[in-house]
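Listed below are the structures to be examined.
Presented sequentially are two complexes of subunit A, the first with subunit B as partner and the second with subunit C.
And then the complex of A and B:
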């Protein structure tokens, strides 16, 4: 008996030591994936370009705040995470960070003192970035950005999420992939696209599903679930990779157009994606947007320019799936149900009876991922509050859809939504007036 | 390019000028005649999904924003003669035109809020040269109605609202033809009243008139529907849907 107790006590001691070690022994940082000369210098503009590719501004800038000075709230299921100041201010920013500190944050999710960053920072993806790009970005943030003294609100999640050491275990699983990029080798162009998509672009952060532990399920192109579609803040981020992806019907060039300008013959970016286009993708070269599109589509682009020529587009006619709806709307019978009547009264001027919209201007509603998504909030929100396509360098005109909150009541919006979700071959579940009321109430509290 | 398919109709909007001008209008007689000759279109708009317009307060109980009792009585009586209820379509009263006029006079239009009002104003100038009185529209109504009522009392023995319909028509004709002695500042009162009456009849219901979009149903105007891209090529097919208003009412 005594022996047993002694063994038990011993096990407890070992357990406690292991736990203490788990909490307090610093995590080992990943080594650089490339050996660059100590006096290596980035090319002119390289660091800023990496900053654009990584869309750092989107999270690290508060609404109305100085660029990169942090303080933007990132809503997560665990609570609000406040983005940090990444200007080189020594007190409130990253002015005191060494290159090794910076790399550890990008690749391992570690602060200089060894505490863990919350994975709102997509180090799961940034760890694919080349050492050259990481150093170029570090150089830009340190020397190309004005320091801004801005102490941001500290992130305080509720227990147990405030115990950051717990992320060590999370990282064991989430960071099972090694740092560094592994090209599939399909072509130079597609490899470049893969590098941008997997790494700096961190597309998988939204477009890959997340597992029960909120880890990205599919961070590299070799995984089946890579970019198979996810949900971000109530918006569906559609599948982008493989035969069932939303862009399966788009050409490489059309896909690149969407990335560079927020619009193409089929669709218009809004919500989170509009921000990505505005702050990140429009600043990339045509070659890179084409490379991203080429990688996603699995074949190289035939052109070298994006949205280079503006030409009048013919109005698309209804296709087989949409014919029946288009014919019904064209007849404009007073006996039609309320849903299509509301569509004629409010929507058909831009989206037309074909549901095809107008190329480059108004999105298609047939097979539109937002229209048929299981996440109905964004569709309802766009009908109530309208939407806006970002103004980009190549397509400066902002396209705005008005909101109909004043014109349609909840029951009417529900009828309209259910019409949209069941027409032109769309086949998505019906919603109720209560669903609309929830979105309306949520918006009015903003 | 709104379609009125396969239909020749009287268009009361013809010759209509914006409120900021004093319209050179067809005579009142031809207006009334044209109205009577209008094609009956009321059978056209029946919709399974037409909304029941909420019954508004009656004109008697309507809480006025600008007009006093005598002015209200005049506007009710005068608009009822300009677009009478006995014709094929709705009259000014059914369309609640007096409500429209009252609200307009109480608002930016009545106070000429965004007009150039510094003058010079020359009562002998052609109305086509613009507003030729230093008075705002609200002031024109306020000064012209008692003057006209006084003329009616002197000539016909009662204020306008108290006269028989035929006497009212005579009085309005005299007013239109300039046979009623009026101060130069209110000389254009008849054309202003007629313009406002038509505006109240045809404007979107959100402004108080055109109640239930009755005038739109009457002339077959489909209202604020988004578009009709399918229809220009569809010859000799009647456009079947009733109108929709800016705020989304359906009729």
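And then the complex of A and C:
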């Protein structure tokens, strides 16, 4: 018995020592993936470009705040995480960080003092970035950005999430992949796209599913679940890669148009994706947006220009899947059900009886991922509150869809939604007026 | 003492079509630009949103998008023997208000002038001699030719997103287009819109009569469209609410759909609304302007905005008024024919025939502002002026364009205007009427002009502008000629009832019923400073840093709606500013 207790005590002591070591012994930082000369300098504009590709502004800028000065709340399942100030202000920003400190944050999720960043910072993905890009970004943040003194609200999650040391264990699993990029080698163009998608673009952060531990399930193209679709804040981030890709029907060029302008012949960017277009993708070169599209589609682009101007684009006719609905709407029988009648009275002017909309301006509703998503909140919200595609360099028009909250009651919106979800070959589950009421109430508390 | 704003390189007065064009083009040169707009800001959403916007009572009848006459108006008289009275109720013409200006509430008819119209005086003299020009007729040549303007018409049409079919493509006459139009270097940016039933019937009747029908050139999108600035339009759904309304559907060509969001991205451009410009301020030497003084509605105070370059791009009437109160150009004096500012005010001479067909249903609620089939067989360059005894011409059009319930219930004459008889008439005739319109020229005359009113002032103490205008025999004869040609065509369509409406001899201008918002002239272009207010680049002859946009530049009105010409002139002017004036500011002529 005594022996047993002694062994137990010994184990406890070892355990406590191990735990203390786990908590207090600093994590080893990843080494640079490439040895660049000490006097290596990025090309003019390279660092800012990496900043755009990484969409740093979207998280690290508060609404109405100075760019990159942090303070934006990011809602996570664990609580609100406040983005940090990454301007070179020595007191409240990253002015005192060395390159090694910066790299550790980018690829290991570590603060200079060794504490763990919450994985709202997508270091799982930035881990794929080249040393050159990381250094260029560091150079830009240190020398190309004005320091802003802005002490942001400290993130204070509830127990146990406030015990950041726990992330060490999480990272053992989440960062099992080595730092550095491994191209599939399909083509130079597609490899470039893969690099942007896996690395700076951190697309997997939303578009890959998450496992039970909230880790990205699929961070590289070699994994089956890579970009197989995820859910973020009640919005479905559609599958972009592989056999079930939602963009299977889009050409490489159309995909690139969407990235650069938030709109194409099929769809328009909403929600989080609208912000990605606004703050990141519109600033990429045509070659890079085409490369991303080429990688996602597994096919090289045949053009070099994205989103050309001076185009007259006739709206498409109904296809086989949509013919029946189109015919019913065209007939406009006075005794048609409420759903299609509401569609005729409110929606058909832009989206047409074909459900095809019109290229680059009115999204198609047939097979539209938002329309048929299991996450019905965004569709209801767009009908109630409208939507806005941001102004971009190549498509400067703010494309605003008006809301219908004042015009349609909950039961009517439900009828309309159910019509949309069951027409032109769409086949998604029905919703109820209560679902609409919830979204309406959520909006009114904002 | 007025508040003073920080100096800008350019101040733009009025943010409608031409102000937006000046803004976006000059912004490319890195100039610091501010635009001042009298009215409110306006965007498709929320201002034009469905269904609020298609409220005929509010916008079609009560004219909520238009200039507030309590804020600004003109006085009107028909001749010098009358005392001009203020235009207190909108009627004959409807100037717009707010960002986008008249470009938000127009019908979308986008015509180019005929080459002959820009050289009208020479054209008449060469063909029939000077004698057929009446003594009081003050027509002239534009100091710029069709060939010179052609690239700028094309540029404007690309920006504005015009649907149509070229009839004269680089000199090649194409079946189905307008064979009498000036040459086009390129076809229309978008194909023509489909025909409604009335338009089809008119088309067929024209073919049977040997005329040459073609689709109206429409600032209405027939397809989805992306313009050279990357701005976008969506295909029109024929809702029929164009004129007097903003388009909720991104289908009508307007500054909102084609320029403004691109312009607002320019960091060197800004604009202020509810800022009514009161006058252009002049340097002591009198040769240049120093900026403008405006009334800031919010602050309720006068503000001086200094600028190196002043662009007057408000509505024609307001541009002329600003020039009169600011001393740009010598005011025109009809007694002596001397002076230039206010000269050659012109309008439009229209007429038409309504037809009722018991057996045809025209679904008049289906349409758009520039709907229809046109013919130019009686256009200015198709008429023997010597033979017919007038100078002028017209285009004809048929196609429902504003089939709204309150104002568009055409009934046969004699139908009671209310009660059971009216109801019965509506029941019988609603949807069974169509019309053909004649849209004709109005020339310039010595006694049609604009000057400052001696009696009335506005709330800022400025004299109101006075309009002296009446119809002249020449144009009324032109109108009667159109009647004589249109009646047989209408009869050939075998209507059950036909009603003819053409002004005839002795008709006088009536400012009450709506006619058209095509007010032109008053700061006309000219070869010499003695004949007009601005030179061929629309630069004020006497103030070289003042450029003036709009239909006020028209030497005399054309037979067409003015937007195509004023849009082309705006691009022509801006090009001259960018390539000639900015490198070396001076009088360009």
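One rule holds for everything that comes next: the second predicted complex is superposed on the first by the 444 of 446 C-alpha atoms of A that agree within 3 Å, B and C clash if a C-alpha of one lies under 4 Å from a C-alpha of the other, contacts with A are read in each partner's own complex, and residues count from 1 in each chain.
Assume a contact is a pair of C-beta atoms (placed from the backbone, for glycine too) under 8 Å apart; a residue touches a chain by one contact, two chains touch by 3 or more.
Because the structure is predicted, anything quoted here is derived from the model rather than measured.
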{"item": "Contacts of A:295 with subunit B and subunit C, given as first, second, both or neither", "value": "neither"}
{"item": "Touched partner set for A:360, first subunit B, second subunit C, both or neither", "value": "second"}
{"item": "Which of subunit B and subunit C A:395 touches, first, second, both or neither", "value": "second"}
{"item": "Which of subunit B and subunit C A:347 touches, first, second, both or neither", "value": "first"}
{"item": "Partner chain(s) touched by A:140 [first = subunit B, second = subunit C, both, neither]", "value": "neither"}
{"item": "Partner chain in contact with A:386 - subunit B first, subunit C second, else both or neither", "value": "second"}
{"item": "First (subunit B), second (subunit C), both or neither touched by A:407", "value": "both"}
{"item": "Contacts of A:332 with subunit B and subunit C, given as first, second, both or neither", "value": "first"}
{"item": "Subunit C versus subunit B, contacts on subunit A by residue", "value": "C"}
{"item": "Subunit A positions touched by subunit B in one structure and by subunit C in the second", "value": "346, 348-350, 407"}
{"item": "Complex interface listing, subunit B residues touching subunit A", "value": "45-50, 225-227, 229-230, 239-242, 244, 246-248, 250"}
{"item": "Subunit C contact footprint on subunit A (complex, rising order)", "value": "261, 307-315, 346, 348-350, 358-362, 386, 391, 393-402, 407"}
{"item": "Complex interface listing, subunit C residues touching subunit A", "value": "43-46, 49-51, 158, 189-191, 222-235, 237, 239, 248-250, 257, 261-262, 264-265"}
{"item": "Subunit A residues touching subunit B - in the complex, by the definition given at the top", "value": "329-338, 341, 344-350, 352-353, 404, 406-408, 412"}
